[in-house]
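Each of the next two complexes has chain A plus one other chain: chain B in the first, chain C in the second.
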Partner chain A sequence: MSITLDQVTKRYQGATVVNDVSLDIGDGEFFVLLGPSGGGKTTLLRAVAGLTGVDHGRISLHGRDVTHVAARERGVGLVFQNYALFRHMTVADNIEFALRVRRMRAAARRARRKELLRLVSLEGLDDRLPAQLSGGQQQRVAVARALAHKPEVLLLDEPFGALDAKIREELRRTIRQVQRELGITTVLVTHDQEEAFALADRIGIMNLGRLLEMGRPDDLYARPATRFVATFLGAANLLLARQSARGLSFGSDPVVVPHVESGVHVREHEVVAVLRPEEIELAPSREALSTAYMADGAVDEILFSGALERLRVRLGDGAAGAHVVRSESGSDPPYLEVTRSQHEQRVFPLVPGQEVALGVRRLHVLPTPLSSFMVCAPNEEIARQLGGESLLNELATRMKTRIAVQVEPSLGSAALIGSAPSLAAASPGIALSPGAASSLRSASLPGSVPSLAEADGDEGLAFGGAAVIASRPGALRSVEWLLNRGAEKVFVLPPSAPSPRRVLIHWVDESARRATLAVSASLLRHVSAEAVYVGILPQGGALNAQRPLGMRALLDARSEAQAVHGLDMRTELRFGDVARELALRLAESPDQLLILGITDVAELDKRFASLLDEPRWPILIVYEPGERTRAAEPARTADLIRFA
Partner chain B sequence: MPAQRFHQPSVLPGFGLTFGFTTFFLSALVLLPLAALALMAGSMHWADFVRVVLSPRALGSYRLSFGASSLAASINLVFGFVIAWTLVRYEFPGHKAVDALIDMPFALPTAVSGIALTSVFAANGWIGRYFALLGVQVAYTWIGVTVALTLIGMPFMVRTLQPAIAEVQRDLEDAAETLGAGRLYVFRHIVLPTVLPAMLTGFTLAFARAVGEYGSVIFIAGNLPMKTEITPLLIVIHLQEFDYSGAAALGSVMLVISFVVLLTINLIHSWGRRRLVATAH
Partner chain C sequence: MAIGVPLAVREELATRPGRDTLFTVAVRWLLIAVSLVFLAGLLLAPLATVFATAFSHGLRAYLNAVMDPDTRSAIRLTLVSAAVVVPVNTLFGLAASWCIAKFEFRGKSFFLTLIDLPLAVSPVISGMLMVLLFGLQGWFGHWLQDHNISIIFALPGIIIAEMFVTFPYVARELIPLMQQLGNDEEEAAITMGAGAWMTFFRVTLPKVRWGLIYGVILCNARTMGEFGAVSVVSGHIRGLTITMPLHIEILYEQYDFVGAFAVASLLTLLAVLTLIIKTLVERTGYKRR
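Our next item is the complex of A and B:
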C-alpha cells in the first residue's frame, strides 16, 4: 500500500474536522477525495503531506510510519489550488527548487527540469516569471515543481479550482497522462463530481469529517449506501417506501414496484429508495410503459439543457405520501426529477401540465436503518415541542428525511406508567380497542402522514424509522410500550439536547450487535461526532478470566463496524454494572449520545430503569428481538390485528 | 521633452489639475522653505559657514544624529519584522490591543515619550537599574538616544511590513516545505525576497523620522556637547542665541546628508526591482 491511514482524527478548537478516517491507497492508484467544502478533505490531504499534525491515528507512506515525520522528509509532492508558485523566481528556478534544496549539481538539475517541462508540455518557458504565464500554465509549472524530487506520492488540492472550464479539461487530461506515465500514487481533492468521475480509479466521499463511502465511480453511482452519497453523486430522487417480500410501494398507493433486492426482510418495513432521474420512464398511460408502473403524475416544469431534457413531475394522489425528498427543507410538494434523452423526447413529446404514467427502470434501496423519524407524544403540545427540537431537526435535515408526528394519548396515561410492559395489551388503560385506534391521529408536520392504523392496514404498527419520545419521568414505560408495538428504534430526547460530540455505543447482547452497529453507522454519518464502543464486563472475582473475552468482544465490534459499515470507532472496556457504568460515562460531558442495543424488552426495566427514567442525554434504543422473543411474536401480532 | 512622455494618458481625467496641485503643494510646503533655508545659509560668509558647519561640536552632533538614527533603523529592521510577523501570522488574546499599541509613538507628543523613556532607563528606573548593575548607563548616553529613536521609528517599520508579510501566502511556505526546504531555507529564499522591498521602505521611513527627531531625544540624551548632543538640538541652541544663519547652515548640511542617504536607499530599492524584472527576459 502506498498510503495507509489508520483512524486519523484532527480537531480544531473542539470541532472534529477529520473524524476517524481509515483508508488504504494502492501503488499507482489515482484516488479522489470528493466532498462538499468544509468536509475535511483538504485537512486530510494536508495531514498526509505533513503540513497539519493529527490528534489521533497513524499515517504510513509505503509502509513507513510518517505520523510524526516533518513534511520535508515525507517525500510527497503537493499542488495547491492557487498554484503557490514562487513569484520572484523563474519557471526554471521554481521547478528546480526541490533539487537546489537537495544540492543537486546544475547540469543534473537542468536535465531534470527539461524532462519535467516536456512532461507538462511547457518546453521553452524556462525563463518566464509566473506572472507572465496563464493560470493553466502556472498550474502545469506547479505540477512539474511538485514532481521534481521524484516524490512517491502526488497530492493535488483542488488543482483546477481557479481555472475556467476548457483549460480545466485540458489540464485534467495532462494530469491523468502524467500520472499514468509515472505510475505515481495520486490523491486529488475536489468538490466537483464530474472531475472525480473523469480522473478517479477510486473515489472516497467525505462529509462532516467522515469518509462515508469509497469505491469505483460506477459502483458508487449505482449502489450508494448513504443518502448523502446518493444525492451528492449526481441527481437522485429519495423516496420513503415500504419494502415487503413483493417489492416496494410508495405512499398509500397499493402499487408494488418489483425490486430485485427485495426478499431479504420478510417483515414489511420502511426504507429509503433512490430513483435516478434517468431511470424513470414517462409514458401516456400505464399500459404504454415498458417498465414497472410506479405511479401517475403530471408534468410540472420542463427545462431543456442540451442533450437532456429535465422535467419536474408532480406525483399523483396515491403516491404523494411517499414523501419525495428534494431539498433541505423537506417540506416540498412531492415532485420527482426526471431527465429524458433526445430520443425519448422525440418519441413522447411533453408539455407542462400533461398527465403521464411513471415507470421505473431501476431503483436502489439504501441499506439505511434510520429511514425517518416519527415523533410520538401524548398530546399535540408535547408533539410540537419535540418536533421542534434542534437536534432532531438537524438530524432530519442532514439525513434528508422527514419528521412525522403521531399523537398517542396512551403514552401519557397513568395506567401506562403504572402497568407492567408485558401487560400492555391486556391492560384496560391502554385498551387496544377501535376507540383507541380512532384516537390515533396524525398531526401536521412536513408531508401528509398516513396514520399508523391506516397506513399499515392489517399488518400491525409498522413504525417508519425511529420513534422519538420526550425524556420525561416514566419515559421507560413509553419506550416499552412502543417497542412492544413494533417499534425497532426508539429515540429518547431530552429538551434542547446539543448536537453530540461523542456517540457511545453499547449492546447488551451480542445478537444485538449487527442491528446496533447498523443504526450507529447510519446516525454517525450525519453528525460530526466520534464513535466510542463501550464494552462493559461485570466486576467480580472472575475479572482476570474475563478480560480476554472482553477484549475479544471489543475487537470483534471494531472490525465488524469497519468491515460492514465503514464506521471507525474507538473502543473502551469498563467493569461494573452496565447501567451504572454507562451513566458514569455519560456524566463525563454533556454533549454525548448513547446508542443502546437490546434484545429483550423486559431487560429495560430490570437493568436500565435508572438510566431511562428521565435521561439527561439523548438515548437511541435499538431493539433486535432475539430468537426467544421472536417466538413470542405471533401473539403480539395477533393482538395488533384485533386492535386494527 | 516630448509631450507624450510627459503626459501619460490615463482613465482618470484631470491630469492638468492634479499635476498643478502637486507642483503647488510641493513648492509651497517643501521647495520654497528649503530654498529659504539655503538662502539664509548662503547669506553667511563662506568662512563663517565652514566654521559653524565643521566645528568639532557640529561634527560630534552629526555623528550622533546619523549614527544613532541608522542604528535605530537597523534595530527596527529586525525587531519591527518580528513584531509585524507576530501580528500578521498569529492570533492571540489581546491581538487588537497590541496592534493598537504600535501606533502609540505616533500619537504621543514626543516630549512625553522622552520623559517616560528617561524615567524608565535612568540609573534608578525600572529597566535602567538592571543595566546599571551591568555597568551600562542608558539614559544620558548615546545608547539612550538610540533607544528613543528606535521607539520613534518602530511604528513606521511595523506598519510598512504588515501588508507585505500578509502577502507572503502561507501556501508558499507550505509548498517550499513539501519540496524539502528547512525553515531557515524557506525564510531566506521565500519570505525574505518577498518582504525585502517593504523592509527597505520601512528602513527609509524610520531613518528619516529618527534624523529629524527632537522632542523625545533631548530628555534622554543629557545633551552634553560633543557626546550626547544631536544636530536638531544644536540648531535650536543656535536659534536661542539668535544665530539664525548658523542654524540654517547646520540645517542645510543635515538636509544634504539626509537627501543623499534616502536617495541611495531608493536607488538600491529600484535596482532590486529592476533586477527582478530583468531576470524575466
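Our next item is the complex of A and C:
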C-alpha cells in the first residue's frame, strides 16, 4: 500500500474536522477525495503531506510510519489550489528548487527540468516569471515542480479550482496522462464530482469529517450506501418506500414493483430508495410503459439543457407521500426529477401539465435503517414542540428525510403509565387497527388517528424509521409501549438538546450488535460527532478472567463497524453496572447522544429505569428481538433491483 | 469634428459622464491650484528657508559650520546610533511579523497592541521611561552604577531610546504583507524538502523584500530625526551625547542661525535622500510584482 491512514482524527478548536478516517491507497492508484467544502478533505490531505499534525491515528507512506515525521522528510509532492509558485523565481528556478535543496549538479538539474517541462507541455517557458504566465500554465508549473524530486506520492489540493472550464478540462487530461506515465500514487481533493469521475480510479466521499464511502466511480454511482452519497454524486430522487415480500411500493397506493431481492426482511418495512432521473421512463399510459409501472404523475416543468431534457414531474395522489427529499426551503410539493434523451423527447414529446405514467428502469435501495422520523406524542401541542426541536430538524435535514407526526393520545394516558409493560398490548384505550392487533410486530398505526402528517399525503405508514418521543417523566413507559407495537427504533429527545459532539454506543446483548451498529453508522454519517463504543463488564472477582472477553467484544465491534458499515469508532471498556456506567459517562458533558441496543423490552425496566425515566441526553434505543433470527444484512449487490 | 454635428447634440454629448465641459475643467484646475499653493506654502517654503538661511553668509560660512568639531561629532553619533538601531529593529520586526502572521497564539492581539505602543506614546515620555528605568533613581540604576555601566547620558541610552521609538516601523510594514501573501509558498518549499533556514532565506525573505526595505527606510529616517526621547536621555553633553537634531536646537538657541540651518540642511538632505530611495524602491517593487 502506498498510503495507509488508520483512524486519523484531527480536532480544531474543539470541533472534529477529520473524524476517524481509515483508508488504504494502492501503488499507482489515482484516488479522489470528494466532498462539499468544509468536509475535512483538505485537512486530511495536509495531514498526509505533514503540514498538519493529527490528534489521533497513524499515517504510513509505503509501509513507513510517518505520523511523526516532518513534512520535509515525507517525500511527497504537493500542488496547491492557488499554485503557490515562488513568485520571485523564474519557472526554471521554481522547478529546480527541490533539486537545489538536494544539491543536485547543475547539468542534472537542467536535464530534469527539461524533462518535466516536456511532461506538462511547457517547453521554452523556462525564463518566465510566474506573473507572466496564465493560470493554467502556472498550475502546470506547479505540477512539474511538485514532481521534480520524484516523490512517491503526489497530492493535489483542488488544483483546478481557480481555472475556467476549458482549461480545466485540458489540465485534467494532462494530469491524468502524467499520472499514468509516471505511475505515481496520486490523491486529489475536489468538490467537483465531474472531475472526480473523470480522474479517479477510486473515489472516497467525505462529509462532516467522515469518510462516508469509497469505491469505483461507477459502483458508487450505481450503488451508493448512504443518502448523502446518493444525492451528492449526480442527481437522485430519494423516495420512502415500503418493502415487503411482494416487492416495493410507494405511498399508500399499493403499487407493487414486481421484483425484490429474496430472503431479506420478510416483514414489511420502510426503506429509502434511490431513483436516478435518467432511470425513470415516461409514457402516455401505464400500458405503454416498457418498464415496471411505478405511479402516475403530471409534468410540471420542462427545462431544455442541451443533450438532455430536465423535467419535474408531480407524483399522482397515490404515491405523493413517497417523496422524501426535502428541498432547502422545505416548502416545495413533492416532485420527481426526470431527465430524457433527445431520442426519448422525439418519441414522446411533452408539454407542461400533461398527465404521464411513470416507469422505473432501475432502482436502488439504501441499506439505511433510519429511513425517516415519526414524532409520537399524546397531543398536538407536544407533537408540535417535539417536531420543532432543533436537533431533530438538523438530523432530518442532513438525512434528507422527513419528520412525520403521529398524535397518539394513549401515549400520555394514565392507563399506559400504570400498565405493566408486558400487558400494554391488552390495555384499554389504545387504538389499533383490527389487523394489527393480532400481530403486534407488524402493527401499523391506523390512518384514522388525527395526524399532522396529512399535509404530506401520508396515510399511516408502519413505523418508518425511528419513533421520536419527548423526554418526560414516564418516558420509559412510552418507549416500552412503542416497542411493543412494532417500533424498532425509539429516539427519546430532551428539550433543546444540542447537536452531539460524541455518540456513545452500547448494546446489552451481542445479538443486538448488528442492528445497533447499522443504526449508529446511519446516524453518525450525518452528525459531526465522534463515535465511542462503550463495552461494560460487571464488576466482580472474576475481573481478570473477563478482561480478555471484554477486549474481544471491543475488537469484534470495531472490526464489524468498519467492515460492514464503513464506520470507524473508538472503543473503551468499563467495569460496573451498565446503567450507572453509562450515566457516569454521559454526565461528563451535555453534548452527547447515547445509542442503546436491546434485545428484550423487559430489560429496559429492569436495568435502565433510572437512565430512561427522564433522560437529559438524547437516547436512541434500538430494539432487536433476540429470538428472531434475521438474515444477514443484504450485500450491496443484492440491494440492486432490476426491472424489465 | 464639430462640422456637421448640431450644437444640441454636442451639448447633449457634453452632459454625458466622462465628458469635459468648461465647468469641469475649471473645477479641476482650481482644485489642483489650491493643493499646489497649500503644498508650496506649508512644505516647500520651509524647505527652501532651510537652505536659504544655511547659505545666507555664503558657501564658506556654510562649510565652516559643517566642519565644526561639535557638528562632526553630532553627525558621527547620529550615524553610529542609526547603524545599531536600524539592523536590530529590522531583525526584531522580521521576527515579530513572522510569528504574528504565521502562528496562532494566546495574547496575539495584546502583542500587536504592544508593538504599536511607541507610536501612541509621545517620544518625550519614552525618554522619561528610559530615565526611570536606567537612571540613578531608576529600577536598575544602582545595579548599573555598581557595575560601572552608564546608559543614561551616554551612547547606550540614546540607542535604547531610539530603538524604543522606532520599534514598530519594520514590523508594522511586514505584518499585513505577510498575512496577505499567506503561507503557501513556504509550505510548498517544506514539502519539497527545504529546511527552515533555506525556506526563510530563499522563499520568505525574497517574498517580502520590498516591504522590508520600505520599513527599514522609514525606520532609518525616524531614527536619525528623533528628538524628544533622545533629548531626555542624552544629557546634552556637547561633543559627546549630542545627535544632529539636538545639535540644531542648541545652535539655534545660541542665535547661530547659519550653523543651525547648515546642520538642518544636512538632516533635510538625508531625509530627502531617504524619500527618493523609498520612491525608487516602490517603483521597482511594484514593477516586479
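The definition used in the following text is that the second predicted complex is superposed on the first by the 583 of 644 C-alpha atoms of A that agree within 3 Å, B and C clash if a C-alpha of one lies under 4 Å from a C-alpha of the other, contacts with A are read in each partner's own complex, and residues count from 1 in each chain.
Keep this in mind: contacts are C-beta pairs under 8 Å (C-beta built on N, C-alpha and C of every residue); 3 or more make two chains touch, one makes a residue touch a chain.
This is a predicted model, so every value here is computed, not measured.
Partners chain B and chain C clash in the overlay (superposition on chain A).
Of the two partner chains, chain B and chain C are each touched by A:80.
In the superposed pair of complexes, A:115 makes contact with neither chain B nor chain C. Legend: residue contacts after superposition of the two complexes on their common chain; A:381 is shown touching neither chain B nor chain C.
By the document's definition of touching, neither partner reaches A:510: not chain B, not chain C. Once the two complexes are overlaid on the shared chain, A:355 sits clear of chain B and of chain C alike.
Once chain A of one complex is fitted onto chain A of the other, the partner contacts of A:145 extend to both chain B and chain C. By the touch criterion defined above, A:55 reaches neither chain B nor chain C. When the two structures are aligned on the shared chain, A:128 is found in touch with chain B, with no touch to chain C.
Overlap of the chain B and chain C interfaces on chain A: residues 49-51, 71-74, 76-78, 80, 82, 84, 86-88, 97-98, 101-102, 145-146, 148-149. Interface of chain A with chain B (complex): residues 46, 49-51, 70-74, 76-78, 80, 82, 84, 86-88, 90, 97-98, 101-102, 127-129, 132, 142, 145-146, 148-149. Contacts from chain B toward chain A in the complex involve residues 169, 171-172, 174-182, 185, 189-190, 193-194, 276, 279-281.
Put simply, chain C touches chain A in their complex at residues 184-185, 187-195, 198, 202-203, 206-207, 209, 288-289. Listed in rising order, the residues of chain A touching chain C in the complex are 49-51, 71-78, 80, 82, 84-89, 97-98, 101-102, 131, 145-146, 148-149.
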